[in-house]
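The same chain A turns up in both complexes below, where it pairs with chain B and then with chain C.
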Partner chain A sequence: MAKITLNNIAHSYDGGANYALKPLSHAWHDGGAYALLGPSGCGKTTLLNVISGLLQPSEGQLFFDDVDVSALPTERRNIAQVFQFPVLYDTMTVAENLAFPLRNRRGTDKLAAADIQQRVQQAITLLGLEVLANRKARGLSADDKQKISLGRGLVRTDVNAILFDEPLTVIDPHLKWQLRTQLKQIHRQFGHTMIYVTHDQTEALTFADKVVVMLAGEVVQMGTPQELFDAPRHTFVGRFIGSPGMNILPCELQGAEAIIDGYAVALAREYPALAGVIELGIRPEFVRLAGTGGDTGAQSGEGLPVQIVGVEDVGRHRIARARLHSHTLDIIVPEHQPIPAQPRVVFDQSRICIYQNSQLVSWEDD
Partner chain B sequence: MKTWNNKAWFFVLPVLLLVAFSAIIPLMTVVNYSVQDSFGNNEFYWVGLEWFQEVLASERFHNSLMRNLLFSAIILLIEIPLGIAVALAMPRRGWGVSVCLVLMALPLLIPWNVVGTIWQVFARVDIGLLGHTLTALGVDYNYTQDTFDAWVTLILMDVWHWTSLVVLLCYSGLVSIPDAYYQAARIDGASRWAVFRHIQLPKMRRVLVIAVLLRFMDSFMIYTEPFVVTGGGPGNATTFLSIDLVQMAIGQFDLGPAAAMSLIYFLIILVISWVFYTVMTHQDSESVTDNRQGGGQS
Partner chain C sequence: MLELAGVSRRLGNEDHIHDVSLQLERGSMNVLLGPTLSGKTSLMRLMAGLDRPTSGDILLDGVSVLGIPVQKRRVAMVYQQFINYPTLTIYENIASPLRVARLAAAEIDQKVRHAADLLRLTDFLHKRPAELSGGQQQRTAIARALVKQSQLVLLDEPLANLDYKLREELRQELPRIFAELGAILVYASTEPSEALLLGGNTATLHEGRVTQFGRTIDVFQRPVDLVTAQTFSDPPLNVARVSKHGAQLRLDQFVIPLSDAQAALPDGDYTLGLRPWHLALEPEQDQDKGDAAVPAGCALDGLVKVTEITGSETYVHAQVGAQSWVSLSHGVRHLDVGTALPLYFSPAKIYLFDNTGRLVLAPEQSWQK
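And then the complex of A and B:
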């Protein structure tokens, strides 16, 4: 296990015309569980392949602890990687598959057959694959195959990190949860550094201690799931995280008020005059539906008048889609609250985020 | 519920007729000849299995069969490994791919008798590039007189003509392997040999079955090229079953024995092909039954 440090790592697939990964300096702490989250093509797999050495970055250095591994080939980096589609050696049994990375060692690293046997047995027990141990790998279910792919990393005691490249893509939904839980357990038990690439926020937020959100080859925010939810540093993070994502509304600032389409929204504090595109972000969870008509008991005149254009019942609550002049707005409505006839929306003052040119205007600035 | 639509027969009928006229009826005719004797004048007499016994006991048949088996064995032993090696060496992307594919396809596009003629001229001692060069270099080479030289020439010709078929089949198997397999192998520290043994070879197995079957059947039935190049000589050194058969049927007009021999010939190809197929797909069926058991367990 090791701390992994990126020093100005950047990569371009076309010789510098476009950067799939823009210069990035970052340290992954020993034993951390990280998720790289972002839409397809944002550079997360590129970053992962740079760490494992499958890809030689165009620029920058990579350190495992204090050793520069930039020039080391993949097999010398002691990295385990689980791919999107399970990769198994079809002609071998499950146990042979697990033994494969150990049997490949030559010279001073060579392991005795008994050691290999013992480690394979441990991995099999750990993953609950006892029944399958002597079966041919071909024709197993996708989740078993993915477990075996993971197992090939776990049999090695010297792995610096385990990398996951969207490993649950081909897994049935009801097994995803189970496999993810198993991953977390393994992480807690062994403390491997784990880096998990995904475009699914649920996977990222449930798996990782720290989530790294990427967009167009850049890291836009890194933080705990709570931080990403409470204070998205970029409007992209706000929209991408959450179900539904954050409402982003263009506005103008006037002291401690934001003006949206002529309606004033009180803010928790005063902002200085800011140049550029100013937007107000509020999560659907913190928008309250008020208004007259129906039995809401709300005062009239409070909040902004909206038109409800649709309501989706997602089970534990409902999502109302509203129009506020030319903007649309998602509101989470508790299951039993009626929708008023003349609806208005009220924003939870303390939860409002203000963005300047898509970047969060933070409180510490002044 | 299946819906039966009798109109479908109209669509199948042309093919049925075609197969009937091109395969079934001629085959039945051959069966008919094989159990009768004729003395011209279209008079036929029932002789039972006499021709079969005669052919199976004849030394001439044994010799041709042995030559054919040896030829097919050599062809498979050279063309399959060579084909795999060339396929592995071919580029996977870039402009080289189409260049290689076109080069590989070229020998396959040449008609068989033309291939024979090309090699017949190529190997001639007086004017052929190969024959003349070898002689000039002091090698004692003459495929029209020396058995070994005749065999070498025929084998070289077949390798030149057909290895690219094996290459193309193997290549199609190789390019279907996702990159992730190679990446996983690098992560697992697999050697080049281990990658071949555990990733590339298993993924090529299906196409290799086809390649082996095609190359076996074709080489076992080879006729045109040796007929053009050596005419079965020197002596009977390159008289394969097909050449023998044609001599018997058309040269000597022994219809009964020729019919019996062609049926035996057909059965041998069928049996050997079946053996190849069964052996090479054995692992597949094993894992299929495995699946069913696994499905039952889980």
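And then the complex of A and C:
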């Protein structure tokens, strides 16, 4: 396993007119699990291809530990890759497919047959492939094939990193759960450095220690799932992470209050006068429905009056779509809470984020 | 109304679709929910007239459509892989079915612009598909389905290849866009959460059979059997074999107290089902707000296998006896692998299925009343 260092890595497909990947410097820990998350075209696959060596970046260097691998071809970088669609040898058995990347090594890297046998057995057990071990890969379901693909990445304990490119996109939801948790257990057990590209936030958040959120060739935030949820540094991250994403409402600041369409919302602290576009961010989880009517028993006139325009029941809770003056607002309503006839919304003060020109106004400076 | 009456399709010795009967109303959204190969696409092909049933009949407003060729059926289909004409502009892509139908230019223009407006493609009408993002290309395919003024619109996992956020957006828009058409909408999906967000009606599919059809939220809350409950559950339903003796359920060495209503069930073996968000890491704080007849919660001993944190919520996968259970709770919890962990739930939240898999008990849905 290796630490991966990106030193001013950038890439342009058209000789510098446009950058698919803007200059990027990061150090990723040995044994860390990183997810690259963003919409299509954000540069996440370009970055993965730079790390794997499929793509030579137009600028910058890439280090595995202290070795500059920028100029090395993929096969000399000692990495394992798992792709969106399974790539297997149809005529080999499952066990032979798993053994293949191990048998394929030469010279000082050559493994003894007993070692190969042991690692293959381990992968088979971890992924629950016992009953399929001696079946030919041909004719297996797409789900099973992808499981084996994952297994092939994981049998190699000596690699610098394992790279995953949307490995669970074509997998049915139930197996997705199983594979995700298996990956996580395997990561804990072996401590591979793992880099995982996905556009699915649930996969990214549950898999990674650190999520790298990308937009238009840039990293807009790198953080733990909790950091991305609690304090998105950019309104894009607020909206992109979470389901539904963060509510972003234009406002004006007056000391310790935010004014939204003439309504005052109390803030947890006083803000200085800020220039530019000011917005208030609040996650649907931290908006509470109050108000009277609809047998809530509530009497209060607290909060801002809203109109509920739709309610979606997603099983474990409901998502209320509300209109607050000219803005729309999503609210997560717990399973058993009735929706009042004259609804008002109350924001959890400690969870409000203030944005200036889309950037989080940080609290650290006081 | 589109009616499938005892429709089956056999290929060789295999039943691809087995005895499906459904009634789909005009203007309704109908989700076909099931895993890959459960028969969603086969069923859609039968509805579209691309395949013929081996037995049974398909009727539109009471008239069999089996003799009518596909071209005359006023059916639109949108596939997972977006299909557009690469050399035509977005405008011409949307207009193509109208040109085939030989409509007047002014009428075509009006319809294309209206559809483009609904699908937010107005600014791209002069472009070609390759210049557009995946989401915009799929919106083009949907706009084309829309202008056809079809009686039946079949959407086969139309958002599966799109980015997560785009999917969220389009999923919210689709029912609204098609609502004004008054067509029968059929939407195939593998994802329970997608079915819930789309609302309308859901038919759950398992191995070529429809196991249940009804209002989406009703199917979710009162699945008729275990297979339906498992098909319509993400994260997976926790299940365990239990035996009932009087007012108690036994799960391995654990005893679960039952309410009077629950205790009235005959003694014997059952399968218990519990949603992950009803399996908590703490005992319920506020017992008195619940039904007085509901006994206090009970605890199982679990061992932490893995925890997954989404930022706002934590999934804990725990070993309980021979089973793996999942708990979903609010907040962020870091738990070491192997930690002994009590898992709490209220007996009021359990599902019970009998030995044939039929539902015999479901949790009350108090807020709905």
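The rule is simple: the second predicted complex is superposed on the first by the 339 of 366 C-alpha atoms of A that agree within 3 Å, B and C clash if a C-alpha of one lies under 4 Å from a C-alpha of the other, contacts with A are read in each partner's own complex, and residues count from 1 in each chain.
In the analysis below, contacts are C-beta pairs under 8 Å (C-beta built on N, C-alpha and C of every residue); 3 or more make two chains touch, one makes a residue touch a chain.
Quantities reported herein were computed from a predicted structural model and do not represent experimental measurements.
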**Message:** Going by the contact rule stated at the top, is it chain B or chain C that touches a larger number of residues on chain A?
**Reply:** C
**Asked** For A:270, is the partner it touches chain B (first), chain C (second), both, or none of the two (neither)?
**Response** neither
**Message:** After the superposition on A, what does A:81 contact: first (chain B), second (chain C), both or neither?
**Reply:** first
**Prompt:** When the two structures are overlaid on chain A, which partner does A:92 contact: first (chain B), second (chain C), both, or neither?
**Reply:** first
**Message:** Tell me the contact category for A:101 with respect to chain B and chain C: first, second, both or neither.
**Reply:** first
**Request:** Name the contact category of A:149: first (chain B only), second (chain C only), both, or neither.
**Result:** first
**Request:** In the overlay, answer first, second, both or neither for which of chain B and chain C A:138 touches.
**Result:** first
**Prompt:** When the two structures are overlaid on chain A, which partner does A:261 contact: first (chain B), second (chain C), both, or neither?
**Reply:** neither
**Message:** Once chain A of both complexes is superposed, is A:54 in touch with chain B (first), chain C (second), both, or neither?
**Reply:** first
**Message:** Counting contacts the way the document defines them, which residues of chain A are shared by the two interfaces, the one with chain B and the one with chain C?
**Reply:** 141
**Asked** Once bound in the complex, which stretches of chain C touch chain A?
**Response** 35-37, 133-134, 163-166, 168, 190-193, 196-197, 199, 217, 220, 230, 234-236, 275, 277, 305-306, 308-312, 315, 317, 326, 328, 330, 332, 337, 366-367
**Prompt:** For chain A, which residues are in contact with chain B within the complex?
**Reply:** 49, 52-54, 73-75, 79-81, 83-85, 87, 89-92, 100-101, 104-105, 131-132, 135-136, 138-141, 149, 152
**In the complex, chain A residues that touch chain C** = 39-41, 141-143, 172-174, 177, 180-181, 184-185, 188, 199-202, 205-207, 224-226, 228-230, 239-245, 283, 285, 312-316, 335-338
**Prompt:** Within the complex, which stretch of chain B touches chain A?
**Reply:** 178, 180-181, 183-184, 186-191, 194, 198-199, 202-203, 283, 286-288, 290-291, 294, 297-298
